[in-house]
Each structure stands twice: as C-alpha cells, then as structure tokens.
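Below are two complexes that have subunit A in common, paired first with subunit B and then with subunit C.
Coming up: the complex of A and B.
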C-alpha cells in the first residue's frame, strides 16, 4: 500500500524561501498484535528544494511481517486440520479456536520518487514513480498532479491522477475460487499464471485559508480497481445446517471476490491554530460498489510547550459497514453465492485508535519524536445467522495492537 | 451500523457539507494578506503535518480495514495480511 500524497501541502504560500534545502524524515515503527501479526517498518522520506523552485522528493520503506493471520474459516466444536498454502504440511486448530495460519511471513521494499516544478508563479506540476516488491507481490505505479493558487494563494485547487499495476504470485498458486482446500500433499485446483490488478485514481482537492488561524482542506478521490482482487489465502467454512460444525467433506472453500471495484472517498480536514496549540480534525466518508461504506473521524491536538517541545494526543474512530458478499460461513445444501469472503476486514466493524506523540527539538534544529498508540477493532461476535455450535463462539474476535514509533527529522543543507 | 456510527456519520456529513458550501460560496472573500501568515506558517499547521506518520498509519489501516485513502490518492495494494 502506498499513498501518493501529492501537492496537498505546502501550496499555500506559507514558505516562499528560494534557498536550496534538504529535509529528511526517518522513522522506525513496531506493530504487534497479541497472538497474531508482528511487524517492523522503517521509512526514510526526503525532500530537496532547489533554488529554481523545483522540489525533488523520495521515499524508501522497508517492512517485515511475521505471525498468524485469520484464514476466514469458522471455529468448530471439533479439532480442525488445515493444509498450508504451499500444499506441504498442515496445522491443527483446537476446538473453539479461531483458525489462524501461523506461517505468515513477508518482507516488502517500496521506493517512490517525484518532482514538483513551477509552471508559473501560481501553478505547479508534479509527477512521480512508485515501485514495491515482496515475496509474492509486485506493484508499479505512476502519479501526476497539477495545482493552481488563487486569491493571493489563499485558495489552492489540485487535480491528481495515479495509475498502478500489481501482480501476485502466491505460494502454492492461486486457487480456483470456491474449490475445496485439498488434503496435505494434493495439489489444489489453480488459476493459470500470476494474478494481476490495475488501479486508477483520480482526485480533486481544495485547500482554503479561512483566516489567520484556520485552514480547510477538502478532497474527493475516485478509484477504479480491476482484475484479481481475491485473497488466495482466505477461505470459508461450509457448515452443517443443524450442528454448525464443518460438513464431512470439502468443508473449506477458497473465497471469491468481484473483479471490479469502484471507490469514492470524500475527505475533509480543518487545521486550527489556537494561539499556542494546534488542532486538526478530519472526517472521511468512504463508499464502494462492494457495498462497503465507512465513516472515519480523526482528531489530533498539538499541545505546544515552547522550545520546540510538544505532546500530541491522537484519537481516531472508524465505523465500517460490511461488503455485500461478506459471509462468516457458508451453509451446506444452500446454493453458492456469486461471490463470498469471510475475511473479517470486509465485515462490519468499529475501530478505535488512541495514543500520544511527543516531539522535541534536539541538536541543531533536528526533531525527535516518540509515538505510542493502541488500536482496537471489534465487530459482530455473535451474528444472528450463527447456526448450532457457532452460536457459542466468538465469530469476530477483537483484534488489538500496540504501535510504537521513533522518528528523527533533520536538514542536510541549511 | 451502530447508533454511534449513525450519529458520527450525520455529524461528519454536516461538517463536510458546511465546509463545501463555505468553500464554494466564500472563497473569494476568505483568506489573509501575505503579512498575516505568521500562525499559518508555524510547524504543525500544514494540512498533513506528519507525512511519515500518515504513511505508516495508512499502511496499517490498509492492512486491517477495507476502507482506504482520503488525504491523497490511495493507490493499489500489497499482499498485506
């Protein structure tokens, strides 16, 4: 995943200096979910402003993930045995436990770079390239943006576009949707070749200075995603209509998602200077043709102590509605739907993040930041459609995570 | 969607509508003179004051939720679990 945040910031004539300058922001982040995923991510984000007004930026990201990931299969009153995605080996899940594949392991490297150049006193053009690679996934992309200032640089309008081409070649191949997970040592029915996906994003943004202490930013993004979007590692349990336990044979089917997804994202943010402190309030509305919609609020309060020291509490809340094809399980004897996934991330959920960042100036104007946050996600643990023993189990176990980050920002050239 | 979600949705849509209407009708009369940008120029007043935190958080939320994007173009994906 990447965010080609283009031109939304720094376009309000807040600076104006023409001297060459290079700023580098670095951070290392640790992310850990009890009993599930652990990740370490490092990032270097640099920007060099030339004296002719051009700005070159680059970003390098490395992350390593390991741990256990929910497969989508439902818990059962019986012990369950699952074949690993490679087809070699298997793992056993105790009765009542949420099935997790504990062999999840990956590293990713992502590199992006871009150039922003002034076309005239009030218009900027930028373009950039992106590439990332991991064991089974490659993503390549390009983006561009045009921004124009109006009204003495109090108003900035931005037009953005981006295109990405992704390919996936998962361990064990891409299973044919809705075919059964085979026993260990038996090859699964596979789709031929690698999976591919294209993404086209188009966006328009407006940034407006309201007064001496307030800036508003509005963004709309249209995103069109096509081709393979199924998760080749996710499956659904087919349960007995009375007992709720997996049926006797072919009890686990690989999931199947639509090949086309259209997303609309409306985003608004207000930045307000309170004289000493600064508050940012954001709202995002997301909707797509998979039936998912969500409302996300984000609040930060920068509590300035003077001397470059600050504390910044952060609160985020998101409420997401499920995809139309999300199912916690399938029922034996019922017709298969056109698409289905038990991936909890496509389900109804509420997510809360809260935490604190501390920043301080050290050395020659460099900034050191430390961040600690807690993330918790919950959903419908006991859906009304639960059958038999499934009524006794938590079908959406709470997922929580601790996030710890240390960041350091410095200038290479004064 | 929970009652809290519905309440927040209504509040958010009102906030966004107000901001859009305000932006559409009042842009020409809003703003400051160049010499009045002292507070706007302070660290932390950028629309995205922490681009590194934003990038890292978007990766986390992309991996854990189905809704993405907002501040910029969201782009494609990764093999995140």
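Coming up: the complex of A and C.
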C-alpha cells in the first residue's frame, strides 16, 4: 500500500522520494514497416536512489528484428538476381521492384549502467558503462558527465564525454569497397579481420529556468567517428548510361563510405507549463563532414486530466539533406567517385511522425502508458539524374512504420 | 517571527495552524534566513486560511454551503480532492474527508459524553466520499454533508513550505509544524539535522530524538484527546463506516516517510487499523513508533 500512497502524494507535487527508492520502468515496443522490417523490443530501465544522494541506474534492451531491408541496388526493367551476403544462396527481384534483402534477421542485447553522485550541494558527477552485442556487431562504451548548478539552481551547466569502440564481423565477411557482388557460390573479395570504429562524443549543455512555468535547455555535441563505417551489406547498381538497366557484368558494387566522420549537433528545447498541461517544443540541427545536414522539430503536448491520467499528442518533422557521396546508382563508363552509397538513410528525405501517448495510474500507484505512433518518410522518388527506365521507377520509395509501445512503471519497496 | 542563529544554521519560529512552527535553514546570511522564514510563514498562513473549516471566506466554506449545487474549484483544491479520492480508494474507504460531520456528536474532551449508537447511526448517511460528486473541476456536496481537508492540511502545508523553501534557498531546509516535519536537501559536511519530537500527551514521554537527513515525520493521535466511561477509553480516531471510535487504536503512531503527507497518511491509516496497527506498519516497511 505504501507505494500507492507515495503515488497519490506524487499527485500533489510535493517532491519526496529522496530517501532510498527503486523505480523500474518496463516497456515492450513493436515496430513494423509493412513489407519490410518488423522489430520487437523489450526495455527494462531501473533506477535506485540511495539515502546518501547517489543514484544508480541500469538499462537492459533486447531487440529482435526480422524482415527485409533495402540493399541500395536500383530497380530495373529486368528481373535481378542477388547473391545473399553469406555467398550461399540467392534471391530474385521482379522487374520494377525495389531490391530488398529478405534475410535480415538479428537480435541485439544492450546493457548499460551508471552511477551519479553529488560532489557537493551544486555539483554532480556521473559515469557509466555500455555494452551491446548482436550476431555480427559488438559495441563497448564508457561515458562521464559533470553538472553544476548556478544562480540558485536556476541554471545548470553540464559537460559530457563518451567513448565507444565498435566492431563488426558480418556474415560472409567485409567486402572490399567497390568490388562487384560475386555470383552465388563464389567468394567475394574481402577485407581482412573485423571492421572496427571508434566514436568520441563531447558535449556541453545549459538548462535555464526562465520563470515559474518555462525551462529552456540547450545542448551542443561534437562527435568524432573513425575507421570502418561502410555498411558491408549495402551496394549500388551500375547502370547503362542509356537504358538505365544494370550493365551486363559486375553490375552491383559494394558501397564505400569515408572512414572519418565529424558530427555537430545543436539541440534546443523549451518546456512550458500551461496551467496543468505541459508543452515541449524542440529543435535539433545536425551537420557533418559527409555533407548531411538535417533540421528536426518535435512538439508534444501533455494534457493532464488529474488523477495521474494524461493524453500526449506528438508531432515530429525532420528534413535531411543528402551526404555528398549519396548516389541512387552509378553510371557505367563514368569514373568511380571516391566514395558512394545508395543507402536511403543518407539521402535527401523528409520524415513525419504523428503519435499519441496515454498514461494513467493503475493499481498500487503504478503507471501504465500506451503509445501509438505512425512514421512516414519520403524523398525524391524521381531524381533529375534518373536515366532511361529508372525514370519510370520509384527510386526513393516511401517508408512508413507503425510503432506501438506499452510501458509499465513501478516502485520496488523493501 | 523570531529568527535566531543556531550552531550551524538559522532557526525561525512562529505560530500557525494551532501549532508552534519551526523553520531551520542552512544558509549563511541572516537576511536570507529571515526572507525564507517569512516566505514559510506566509505560505503556512495561506494554506491555513484557504483550507480551514473555521472560516466563512474560503473554498472549504463554499463547498460545504453549495446547497447541493456544483462548485468549481481551483487547481490546488482540485489536486487535493483528487488526492482525497485516491486515498479513499487505496484505504478501502477508511480514509474519508467527509467524516468531519461526526464531530457533531463526538467531542473528545476527556469527559464521558459518549453518544448513543442511535445518534451515530443517524449520522452515517452524511458520511461517505462516494456520495460527493467530483467531476474535476466541479464538486457537488449533498446538503448536510461536509468536506474537511483539515486531516491533510498540516502535513500538506509542511511539504509545501519545505519544497518552496528548498527551491528558493537552494539550501537544506527543515520544516517542523508541531511535530510534523520534513527535511529537504542533504547537508553536505554538516551532517544530519538533530531534531527532538514531542509526542503529544504521551505520559512520561521524553520525546523522540531523531537524526534526520532527508525525509519526513508525522504523528497521528493525541493521547490527551479521548473519552472515558465505565473504565473504557474511547480514542480520538473514528471509523467513517461505523461512526464509532476505533476502539483498539494506539495512542499515537509516528511514521518516517519521504514526504510529510505520506507519513501522515500512513500514520492515520495505521491508527484506523486498531489492534492491527503494528502489523500494518510492518507491511509498509517504514520506520515507525507506536505508543499504546
């Protein structure tokens, strides 16, 4: 009953929960792109606040993905045959269809844990470790942060750093960039060893309370990624300069991305209380030395009904400009560029998300949330550079996805 | 308002809510301490005036004199009514903000004035939260019934004042209204607050010496308030479902919790358990002191 009472007291906004307390958030998320990927994700997020002000947190995520994913090859007026990444087996794609590799199947387990501790009344220090593993990918990381309050806690400045080391050992090996996809049963030209990359993030953040109802948060993150960043499963079609169909031999080349990437992210968010409701508006600007830049706007309105019940509509819009080396295809007879990828995620695109979350208090003061979101992403389906038959096909098919999440948050009492 | 320097903090004292009130703040300057203590007193008086049942110019009066018509209430009152509704639900009807009408027949003045069972029964139709029509922000109180938020008022005021001061001062604060208290903000370097708590009316009570970091303490029950007839003691705690005292209730229950409101509610619910108060508290996993 105590947790129900604490939950009820929470309705009065009287603070508390400063003594020892453990809160556990669990969620199951389903993500489905019709005809493409389906993912199920289970999340357990725990936090324990110790009596001495330290906070321990951990997070466990398990994903299972299945389905088909775009290979980067262009559609064609001819039926196309692709060798599976393992080199064993092949699949056919009908004329006019976007080539999708339907063997996409993976499970991922990620675990992170961290500790935040007060150094004095206004300064907190935290550090954490991260590890994730899937069939062909391992990522290990560490992070740290220092936050300090100023101006009677109306201003908080944070410095953050993180380092990750990732390695990939894909099924069938890592193809030598720009070599051709071999026929079934023939080994592809491979890079030796595992692919690895390192990520270093440095960030600085500022949170400012403007008045009783408004809080502004600004954040800048610099990120430096080095070494193997090519997707070993992605390729580009080399098409005939007149017909637009794949050339006769060696028609599919494995992609090649630069091995150094520097990213800058600027993020700003305003939270405003309107009576009992809360509106969050955020803007994110992303730019990197691959030539990608994107603008993302996110708006949520939490409509509180009292008694812990709320509805939260969500709208998100983003507009991304393509990487310099993004190509829908390569043209036979033209010199190879230094780098190229047909991965749609590096292309020009706009994405819209519409969502609605409902939350309520159930049973012993636990919170139940249900979220439903629809995501739609589109780009230039008929780029000006399309040649021959490619002018007839959708070179950037719209991807839409449905996301459904059920979350349950509860407290553990001794 | 008296503000005095103690060994490693400032102490402000005033009277409100029929209790001695004490504010301890861990700031350097007297001027700052005084401002905080004045803000504390102003907030305590605001809550007292707004929710006191002894006034005719506040929201509680308006609710109880609505003649069966809906009354629209402000957000703070609405939050308290939502809270009262939730507490009624959690406690299986034991906690009921409409039970104040029982004071018409029960006056715990140490006398032997025990009402008859018939009198008690006659009042029962006027007690029961489910009869209140609560459709936020509109509340309709049927004629003859009463809502009394006084049972929550002092603990709520302690929490409000403590969070208000902690936000404003960015310094550790302890708020103590007649033994119901709350500490917010750890005291780096200075250790915990050392507080003494009187347990009202407990004979030979040396009080409670407490070493409190962050948290809250609340007491339910007052051993000075009872009725006595034919050697039977009728304690001050009433069961809203029978309109009769909870006969085996302890003299007082003190609970340590995260917020004063939480501690107060647990203490009251424990009292309502009568003979089972101790086992109820053991189930909640809270530190407590029960005096029989």
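Throughout what follows, the second predicted complex is superposed on the first by the 395 of 414 C-alpha atoms of A that agree within 3 Å, B and C clash if a C-alpha of one lies under 4 Å from a C-alpha of the other, contacts with A are read in each partner's own complex, and residues count from 1 in each chain.
Just so it is clear, a residue touches a chain if its C-beta (ideal position, glycine included) is under 8 Å from a C-beta of that chain, and two chains touch if they have at least 3 such contacts.
Everything numeric in this text was worked out from a predicted model, so none of it was measured.
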Touched partner set for A:254, first subunit B, second subunit C, both or neither: neither
Partner chain(s) touched by A:178 [first = subunit B, second = subunit C, both, neither]: neither
Which superposed partner A:329 touches (first subunit B, second subunit C, both, neither): neither
Partner chain(s) touched by A:228 [first = subunit B, second = subunit C, both, neither]: neither
Touching partner for A:393 - first (subunit B), second (subunit C), both, neither: neither
More subunit A residues in contact - subunit B or subunit C: B
First, second, both or neither for A:21, with subunit B first and subunit C second: second
First, second, both or neither for A:211, with subunit B first and subunit C second: first
Which superposed partner A:122 touches (first subunit B, second subunit C, both, neither): second
Partner chain in contact with A:306 - subunit B first, subunit C second, else both or neither: second
Overlap of the subunit B and subunit C footprints on subunit A, listed as residue numbers: 1-2, 4-6, 8-9, 12-15, 152-153
Residues on subunit B engaged by subunit A in the complex (per definition of touch): 1-2, 4-5, 8-9, 12-13, 15-16, 19-20, 22-23, 27-28, 30-34, 36-42, 44-56, 58-81
Contact set on subunit C toward subunit A in their complex: 75, 78-80, 82-83, 85-87, 90-91, 136, 156, 159-160, 162-163, 166-171, 184-186, 188, 213-216, 257-262, 265-266, 269, 283-286
Contact footprint of subunit B on subunit A as seen in their complex: 1-6, 8-10, 12-15, 25-27, 29, 31, 37, 41, 43, 45, 59, 61, 63, 65, 69, 104, 106, 108, 130, 132, 134-137, 139, 141, 143, 150-155, 160-162, 164-166, 168, 170, 197-199, 201, 203, 206-213, 215-219, 221, 223, 225, 233, 263, 265-271, 273, 278, 280, 282-286, 290, 292-297, 302, 304, 310, 317-321, 323, 345-346, 348-351, 357, 371, 375, 377, 399, 401, 403, 405, 407
For the subunit A and subunit C complex, residues of the former touching the latter: 1-2, 4-9, 11-19, 21, 51-53, 118, 120-122, 149, 152-153, 275-276, 305-307, 361, 413-414
